[in-house]
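Below is one structure, written out as structure tokens, with a few remarks after it.
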Amino acid sequence: MFLPRKILEEKLRNILAEDIGQGDITTALIVPADSTAKAEIISKETGVIAGMEEAKILLESFGFNVEILVSDGEKVKAKRILMKISGDTRTMLSVERTLLNIISRMSGIATTTRKLIEKIRKAKLKTKVACTRKVAPGLLYFDKKAVLVGGGDTHRLHLDDMILVKDNHIIVAGSIKKAIEKVRKDASFSKKIEVEVTKVKDVSAAARARADIIMLDNFSPEQTEKAVKLLKKERIFGKVLLEASGGITAENILAYASKGVDIISLGEITHSVKALDISLEITKSNKKG
Amino acid sequence: MFLPRKILEEKLRNILAEDIGQGDITTALIVPADSTAKAEIISKETGVIAGMEEAKILLESFGFNVEILVSDGEKVKAKRILMKISGDTRTMLSVERTLLNIISRMSGIATTTRKLIEKIRKAKLKTKVACTRKVAPGLLYFDKKAVLVGGGDTHRLHLDDMILVKDNHIIVAGSIKKAIEKVRKDASFSKKIEVEVTKVKDVSAAARARADIIMLDNFSPEQTEKAVKLLKKERIFGKVLLEASGGITAENILAYASKGVDIISLGEITHSVKALDISLEITKSNKKG
Amino acid sequence: MFLPRKILEEKLRNILAEDIGQGDITTALIVPADSTAKAEIISKETGVIAGMEEAKILLESFGFNVEILVSDGEKVKAKRILMKISGDTRTMLSVERTLLNIISRMSGIATTTRKLIEKIRKAKLKTKVACTRKVAPGLLYFDKKAVLVGGGDTHRLHLDDMILVKDNHIIVAGSIKKAIEKVRKDASFSKKIEVEVTKVKDVSAAARARADIIMLDNFSPEQTEKAVKLLKKERIFGKVLLEASGGITAENILAYASKGVDIISLGEITHSVKALDISLEITKSNKKG
Amino acid sequence: MFLPRKILEEKLRNILAEDIGQGDITTALIVPADSTAKAEIISKETGVIAGMEEAKILLESFGFNVEILVSDGEKVKAKRILMKISGDTRTMLSVERTLLNIISRMSGIATTTRKLIEKIRKAKLKTKVACTRKVAPGLLYFDKKAVLVGGGDTHRLHLDDMILVKDNHIIVAGSIKKAIEKVRKDASFSKKIEVEVTKVKDVSAAARARADIIMLDNFSPEQTEKAVKLLKKERIFGKVLLEASGGITAENILAYASKGVDIISLGEITHSVKALDISLEITKSNKKG
Amino acid sequence: MFLPRKILEEKLRNILAEDIGQGDITTALIVPADSTAKAEIISKETGVIAGMEEAKILLESFGFNVEILVSDGEKVKAKRILMKISGDTRTMLSVERTLLNIISRMSGIATTTRKLIEKIRKAKLKTKVACTRKVAPGLLYFDKKAVLVGGGDTHRLHLDDMILVKDNHIIVAGSIKKAIEKVRKDASFSKKIEVEVTKVKDVSAAARARADIIMLDNFSPEQTEKAVKLLKKERIFGKVLLEASGGITAENILAYASKGVDIISLGEITHSVKALDISLEITKSNKKG
Amino acid sequence: MFLPRKILEEKLRNILAEDIGQGDITTALIVPADSTAKAEIISKETGVIAGMEEAKILLESFGFNVEILVSDGEKVKAKRILMKISGDTRTMLSVERTLLNIISRMSGIATTTRKLIEKIRKAKLKTKVACTRKVAPGLLYFDKKAVLVGGGDTHRLHLDDMILVKDNHIIVAGSIKKAIEKVRKDASFSKKIEVEVTKVKDVSAAARARADIIMLDNFSPEQTEKAVKLLKKERIFGKVLLEASGGITAENILAYASKGVDIISLGEITHSVKALDISLEITKSNKKG
């Protein structure tokens, strides 16, 4: 997920523009036009930091000198200084909130993702943790990037990305078999094909129709185990990837991971984010640049 | 916060465009071009619904017939049908995720807001519950609107909206008094002036400098009580609005509300949203329109 | 009204893009690709200069060296050099007209605003002079900023900014009282409330309903005087701001100001601008950079 | 200058979006979501109306029924109803100001243009009245269209439109002759070539170099007369178009027109507009649609 | 590649806007504002038609009635009527060229794609024909969609779509093996991995490193044959997809297809398009709608 | 056709953004964040180079050092290095394809244009070669600019540029005479007027109605000769420009040019482009910047 700077700058500028409106009136009244300041961005909680690349590009494009002290993906303790910045005071105070909102949300996502992965790794399992497209509206890039920084899998980046046959597609197609056949026939060679199944018995139908990945939708850990057994019995286990999705939480994730699925995806990583507490503190302020 | 339809349509279309990329390839492969479907949007959890207006405008602008069954701000139980829609199946499946992301996030925000307010009202208190500008980046409109639907106060809609003198402004200005004087002198008559204070003793300085609102930043309930007493003693209590902000949660909110502040604002309403679980279920699908 | 540079750059670039079309064909035919030039921006009339900040950002973003000789808000005589610039000749000639249009319009607005204010100050009055939302379509930022530079009050920056109950709102609500009650009940604590009244007797209704500001719409100086007397009689004078608006010109402005209103707003400051005559003169031209 | 509806809609929506910000808060608080209203747009002054086409497209794209009673270019007296509209009340009050700003500015431009033309026609002269590119920044389309509606000539629509060799181009090229030669050699066959001259003697140089149009820049009426005589003497008069520009006002326009120039252009038509007073009056309001 | 109508409308409107500039001046001068016309879009050559969906959406969004007579992907002979349209004459003439440019280019691409595929199918081969990202700048959607309509494979829709390790990536990574290892380790499970190889011997390295697809870059037919033999010998043939790319033309395509590759990709399908000759003919014109 | 850098940057960034999607995933996985590289852009075929200015601006805006070795319009042989660039490796690989697509298409257009012109010049003829508006959708600027670089005439840059009365306009107007009269009466003095005629006899009608240019649409060389003779007989030849258009190819272009037309325009220069083969080769790669 590498975006050249100018592309990212535009995304960031649009976010800022909404917040600024016709301009920061408080700052204009209090801060002289030519004053400069130094400041530190500080994490007030323990967590995994994300958004450093985005913050740097936002800040540099607004003319700041930026010194990054913590890399994307690094775990920090409370009170850790993430970056030091210096530049125009008016601009600093105008972008402060937007900047912190980006780092806070992205770090919150990375922190949650990392915790889930660590839980799985401690149990000596290799299951991947993935997010879904259940992001904050319009934040697909930022939310997916944060998952990646946290060590997770980004899953589909948008609807043109992988073929994912979901419940409503199957209703329209008539059956899993018909849906996959249609897709197999005309899909680009460059795409993987995933199918969502809601019952254990559909798993072998999906596997036999040569799906690359099968999503076990809202399966209980027991159903998941049955699905794995079925595939082993049919000697397809290991030839198709299995993704568990739906109803999985930090509490029950090991119950799923231990059944042998390859990927576990959770909507809540991105739709129910707990932001990390990040603040900007001015350390020095000069009236004249 | 009334946005004419065309303005809102453009915001919504931009959100959708990011998710769609070069087009929904799964749907294009499975669903015939002229098929239509009926579907229901269902809340799978108890909560306060928001985003109905936004959903309706999104759906109608994409050609759907929409029947709204639940109004913005209504509290629903699990399994409640929120709206029925009918129209082009391909378009329905392409917009499904974006649509649900909007309703889920907005309803999650409204639900949390309402809970906080109900807790306060049950204690027979009139304190307002407000959000901050700590929203998901770029979602200022949607997050603030959801707070409003939940019964909360939107606070500043952007940086040109009210004058809010924060910690970093005071550092630059030199003192609370100097900051407010500068602002008083040149601010538009149309703006209120709020000042953030971090110590009890600063409260009376701020009040004497004729701030319209004083934000008690990260005060404990005890400090809050002292601030109120101070103002009463100086006979300014009731002439200036008091806003408690920072470190306030569902657990301790009554401790603050009971001290006599007018407004309690919480960043977590919008920065740490728990999305409400909403789904779209196709109830009928026709190959031919 | 402080806009970070990148936000302003985009506004300016969009304005320029409309004028440029597919490119400046005259300049491309005459001026070699690598020639540079020096030029001066000169005011050909006496007036108050505005738009220096905007011009600087536009020019610097297009690669020019810019030396500002006159600050925003400074009054100059005819023939005064406002800034010296140097850089790519082709770009200079391509942006010339857009650049001058911005400075001319903004300076025209600032000049008119200043004249009105000076007239009032000479009469030893403190009345503020404000603009309205009657701007050139799409130029809300530039027109309001110019008023500010001229010393005026920007009034509402857009429709989400302060609550202003106007004639048509009152028609819909049924009465001034009902309108203000509705607004009082649900409005954000962060907003002031202004009400437009068209008859003297409505002034006390508005004041009693606790409007923060009352706009006397199209009142004659005599009606204005009556309104003030009424408020004094009811002992509300001084507790609510009074804004005179409608039908006020440079000729009759003192008649209003002397009656004791706090603010006088005039649509013509921004809707009927007399541009200041500004020109760009090349002082040196080199074929090679 | 015919713009298909969707193109114009986008221009208009962008203008409105700036004014709306995060939404019309007053209207949202006072006007019920499903109320409708009827209203009339009325000219409060005598003038030539422009902007009816733009207003209609704006209003229809926001869902209003629109009845146009006055055509673009028609001269009306005070109190004339220009159009009747009906539709959603909230939307009506939210777009009111932007709508009126467009009609007021465009009608103001059309009115001034028409007056100048009538003055010339009364003197039995055929001279065309043209505007320049000295428009309000970003309003090239609207300002030029208004001139056209008023009966004037739009001159260049942007910088790629006709070749216009101005003073600064001549400085760079070295001489009028060199500038025109360069241009003649490489310009597209589809473009006319106009040259700006500042001295009488340069007129014949420009004509001999085969400019299609010569702009007499800041000539006095006497210089204009001399230029015409010179061309007559050299038997080029009538073979090249003459445009008088700079320092021309309503007062002295006949002095120029009577000298035999083909076109008179005035920056002030568009840079120093006097808006026509237009208002929207609600005639009926229903709470329920 | 299904794009909801509103998303496609915006792409199309932006294309049109560039061509229209400040408006169609010829049409405005000649065609009355309220005239309507009927017209036919006709193919003047034999070919495979694409762009009907896009044309319909463009035309309907500009208010036309559209009757589609030929479906996307259908092969037509010269003089075939593709669609009949009726609506506003001014709009029709303003969008004519943009409309025809879209259909002509897309149909040209579909026609070439189909010819290549038919050649291969006649030889009883199943090889897929794919395009590359060598499209006209900015026309990724339209060019890829046209290939799809012609029966071809769209390959990557953008850079986030499949992992394609190209020559320059291998230079940076150090070797094919290192490049694929890096990618295997961290890539999303949802992505296929393709590797570009330039020598026969690298084919087995790529296959052993478990690439999903190997691109034989600029291989001669003989080298291609050797690569296939090598894979057969190593018993990997059939387990990895083979794509031939570079230097392949209509003339030599069978030489490649017959060697057993799965996909043949050609840049020229999209970078060197021969447009199909399409015209719009007015069949009826009414001055009054 | 000179576009200031920032305007062109935005066009280029939008083109790139479509290709990048949510980011270059291959490059992100393989190339370290801080590595730099040097590369050469090489023409692999003989041709006329265009797009150097655009490439330079694109590259510099993404932070590259750029050394241009070949100027726009220069003819090169195969293997010629066009430019050397150095900078961030990730960005280089992400923009590579878009960059090459622009240079390839523009150079392809310039090469074809130049060949046609050289053919005409070798025959000692002065006829201009022009393109039309039959460009790739949305690429009006780039396609026209490439024609210019190749030595051709850009013809109309958009629909507001010159008045061109085409077949469908004449159908609506009733006759050539009526069409030109309407246009003559109201057109801006700044515009030339061209008329398209389809029969020899219409040529004198168009000339007598004082068209500036007559387009002989789909005339055979014989009809073209007759048209010229007719104009000579009526003594109008040389007073009106003649443009031959429609059905003209590299093969028959001399047959037209030799008849005495002033301009020959060909749609295929821009609608059926043969891209020039251009590649980017990394010459040095460092892991650390």
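Each chain gets a letter, A, B, C, D, E and F, in the order it is written, and its residues are counted from 1.
In this section, a residue touches a chain if its C-beta (ideal position, glycine included) is under 8 Å from a C-beta of that chain, and two chains touch if they have at least 3 such contacts.
Remember, it's a predicted structure, so these values are computed and weren't measured experimentally.
Of all residue numbers that take part in the contact between subunit A and subunit C, under half occur on both sides, making this a different-residue interface. Among the other chains, D has the CA centre that is most remote from the centre of subunit A.
With centres set at the average Cα position, the gap from subunit D to subunit F is 32 Å.
With centres defined as mean CA coordinates, subunit F is found 44 Å away from subunit C. Residue positions of subunit E touching 2 or more other chains: 1, 20-25, 27, 31, 94, 140-141, 157-158, 160-161, 188, 191. The touching residues of subunit F, when paired with subunit D in their complex, are 1, 128, 130, 153-158, 160-162, 188-192, 194, 213, 241, 243, 262-263.
Those residues of subunit F that touch subunit A in the shared complex are 9, 13, 16-17, 20-25, 27-28, 31, 33, 61-63, 90-91, 94-95. Residues 1-7, 10, 53, 140-141, 144-145, 157-158 of subunit F are the ones touching subunit C in the complex. Listed in rising order, the residues of subunit C touching subunit D in the complex are 14-15, 18-27, 29-31, 35, 37, 39, 89, 92-94, 96-98, 100-102, 104-105, 108, 133-142, 157-161, 163-166, 168-169, 171-173, 179, 182-183, 186-188, 191, 267-268, 271-275, 280-282, 285.
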